[in-house]
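Let me begin by presenting the structure, written as structure tokens, before commenting on it.
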Amino acid sequence: MRVRRLTVRLAILLLVLAVWESAYRAGLLSPIIFAAPSLILSAAVKDGWTFLSAFRVTMFEIAMAILIAWSVGIAFGVVAGVWPILARICAPILSALIAVPLVVLYPVLLAWLGLGPTSKIVFGTISGIFPIALNTLVGVQSIDRGYAVMAAAMGASRRQIMFQVMAPLALPAIVSGLRLGTALIVIGVVLSEMLASTDGIGFWISYHRGIFNTGQVYLGILLALVAAGIANAALSLIERAYSHRTGDDANP
Amino acid sequence: MSIAASARPEKGDIITAEHVSKVFGSGTQALRALVDVTFSVREGQFVTIVGPSGCGKSTLLLILAGLVPASSGRVLVDGQPVSGPSPEKISVMFQDAWLLPWKTAIENVEFPLTLRKVPAAVRRPRAMSLLDLVGLARSADRYPGELSGGMKQRVAIARCLVQEPRVLLMDEPFAALDEQNRTRMGNELLRIWERTGRTVVFVTHGLTEAIYLADRVFVMGVRPGRIIESFSVELPRPRSIDMIGSESFGRLRNRIWHLIGEERG
Amino acid sequence: MTAWLVRGVQLVLLASLAGLWETASRLGWVDPKLLPPLTQIVGVLFTLLQDDRFRGDLLITLGEIAAALAVVGPLGFAAGFFLGEHRALYRALSPALHLLLAIPKSIFLPIFIFAFGIGFLQKLVFAVTLAFFIVVLNGIAAAQSVPAGLVTAARSFGATRGQIYLRIYLPAMEPLILEGLRMALIFTITGVLLAEMYGAPRGIGRLIFAWGEMFRMPELFAGVLLIVAVTIAANELIRFIEDIRRSRRRGF
């Protein structure tokens, strides 16, 4: 039962928190490295508002990056999927580029776009766009052509075939690409804020690290995880609303 | 038993193939899949095409359907040359039903009408009555993932009929089913055919199935693909399983078997 | 379209991009202070490679990467292999493992600094942590990829444990081991560079970040170019080895 599983998970969580707090109180753990639930709580009380407004900034950057990465990534994947020549030319280049640690491009973005949200949005977009494009490409390529033949036999126009037959068939692969890409976008945005910015969750994490406020650092990390969780949950919602309509064999 | 039909389309012929050839590739790599295929099918007939693998029977069907262009020669459907799919006249069914997994059975049957933007109030009852015809009225709201192979093929048949075509082209639709289901589906198909009076062109590599279902059997040869001979099946309708054991059935079957055997070389 | 044609188009594409870069920068279509000409960057790179201090930083970074790889590779793979062989244990730990894999570990970087400072050790531990779970998963997959039938057959011939591991397991797992190596490399490189950029006394990551802050674009681009070239080369080298080994294996 789902309720039971939820309560078990909640119980485990509370247990972990209790053990954590007691270890802190007993002086077993270094407070600088490990903090404690109470420290995080007091950090929230003290700097809660700052963090919340920073959260808004970060979510904005994430949302913008998602907008760009999703649309460009999917568009590219679809176009390359229906033009095998384009795919053959681009795919090796793209998969070679995956080896590059994207973080090294960040100083260039900073120099060009400054410390503000723009560099974070661009960095987030770059971080997430590759898995989205690649997964979309694979999803489109692996569609059984028979569906298209069948639809053509029924007299469907090219447009109808693409949007009413091929697109839904490619959707599961696209969604898994979006899942991975979105996670990378969130991390990319937060990391870029941590490295250099003027606001956002990452900025405040770095700020409090500098003055050894472990509670605030953990609070910031927690909020970053929450941001990732929100993005993931939103994606699951979209996926659930869609796969609700399919039978068992549509979702591998 | 008569020999190959003449090329001139007679009145009442719904499909005529005139010197249809299909070549894939070019130069020394050219593959002559079909050479000078000529035959006609009378409206309302159930015709089967049988032959060894590689004889081009599926290619022929795709050409008849307008999905693949012929390299030379032409196909006339109802007097008009075929230049592309004409779903109001011809419906095609394949070995894989290719039902859209995210649509229910009835939504799949309606799909050709949905593409034509036919309003729901018109297409729903039509789809429903066809599902009823194939015996799946109760599964209308099930998804393909919940249906068996035979049921999926039946939905596909209903979908083929929803645009009220004159001709049903079928490319080994029951090949993926086990023997019992195949026989059952064959009988189902005959029942539906008799009810609706459409013309059926049925491609198969099973001899027994080809003779059992048909009014006429076209036997194809391989390398190059062409029609070697055609036979009328004089068995009475409605067909029943025990006809398969009869002497005339056996004789016809042997003749065709030898023909194909010689072809395979 | 033949393979040669595709290769040709790729080369032309890359060459024209390089040409465009050079032209745009030299002719002032883009601000050459923001995007220096490619030839200038390559020139700077050559100069840097002859500089002792730069070479020192390079060595430090490479040392951190090599050390991290040497730790996470055997450790992670062994752990994964052990789990793969002991299904019950794997099943018990699987939810925890997947949870840890799903949590983005890079945002915990400030904590690593609290715990280990900003020296060599911190880079090592951080990179190992980033790569660890991927390698474990890879080890599990590798263990599970060995066809049980082969092991049974070998045992029936009286093969010893050692012989089975050497002659059956190792060859069977080779493709996954190579792929795991490639993944570990990508993650350790990313981890080391990220940690260096965030805070370090020496290292290539720190260098390029500093150059960016000082708007020394030619040096920045030289460093980025070097990193991009080396990472792509390393990745493609392992891919190449994987391909060769795969074609030798044939049907295994």
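Odds and ends about this structure:
Note that the chains are named A, B and C in the order they appear, and that numbering of residues resets to 1 at the start of each chain.
Everything below uses one rule, namely that a residue touches a chain if its C-beta (ideal position, glycine included) is under 8 Å from a C-beta of that chain, and two chains touch if they have at least 3 such contacts.
Source: prediction; values computed, not measured.
Greatest Cα centroid separation from chain C: this falls to B. When each chain is reduced to the mean of its CA atoms, the one lying nearest the mean of all protein CA atoms is A. Summed over C-beta pairs in contact, the chain pair with the top total is A-C. Separating the centre of chain B from that of chain C, both taken as means of CA atoms, is a distance of 56 Å. A straight line joining the Cα centres of chain A and chain C is 21 Å long. Chain A and chain B have centres, each the mean of its CA atoms, that are 50 Å apart. Put simply, chain C touches chain A in their complex at residues 1, 6, 9-10, 13-14, 34, 103-104, 106-111, 113-115, 186, 189-190, 193-194, 197-198, 205, 208-209, 211-213, 215, 217, 220-221, 223-224, 227-228, 231-232, 234-236.
Interface of chain A with chain B (complex): residues 144, 146-147, 149-157, 160, 164-165, 168-169, 242, 245-250.
On chain B, the positions that touch chain A within their shared complex are 65, 67, 85-88, 91-92, 94, 96, 98, 100-103, 111-112, 115-116, 142-146, 159, 163. Interface residues of chain A facing chain C in the complex, by the touch rule stated above, are 30, 32-33, 85, 88-89, 92-93, 96-101, 103-108, 110-112, 183, 186-187, 190-191, 194-196, 202, 205-206, 209, 212, 214, 217-218, 221, 224-225, 228.
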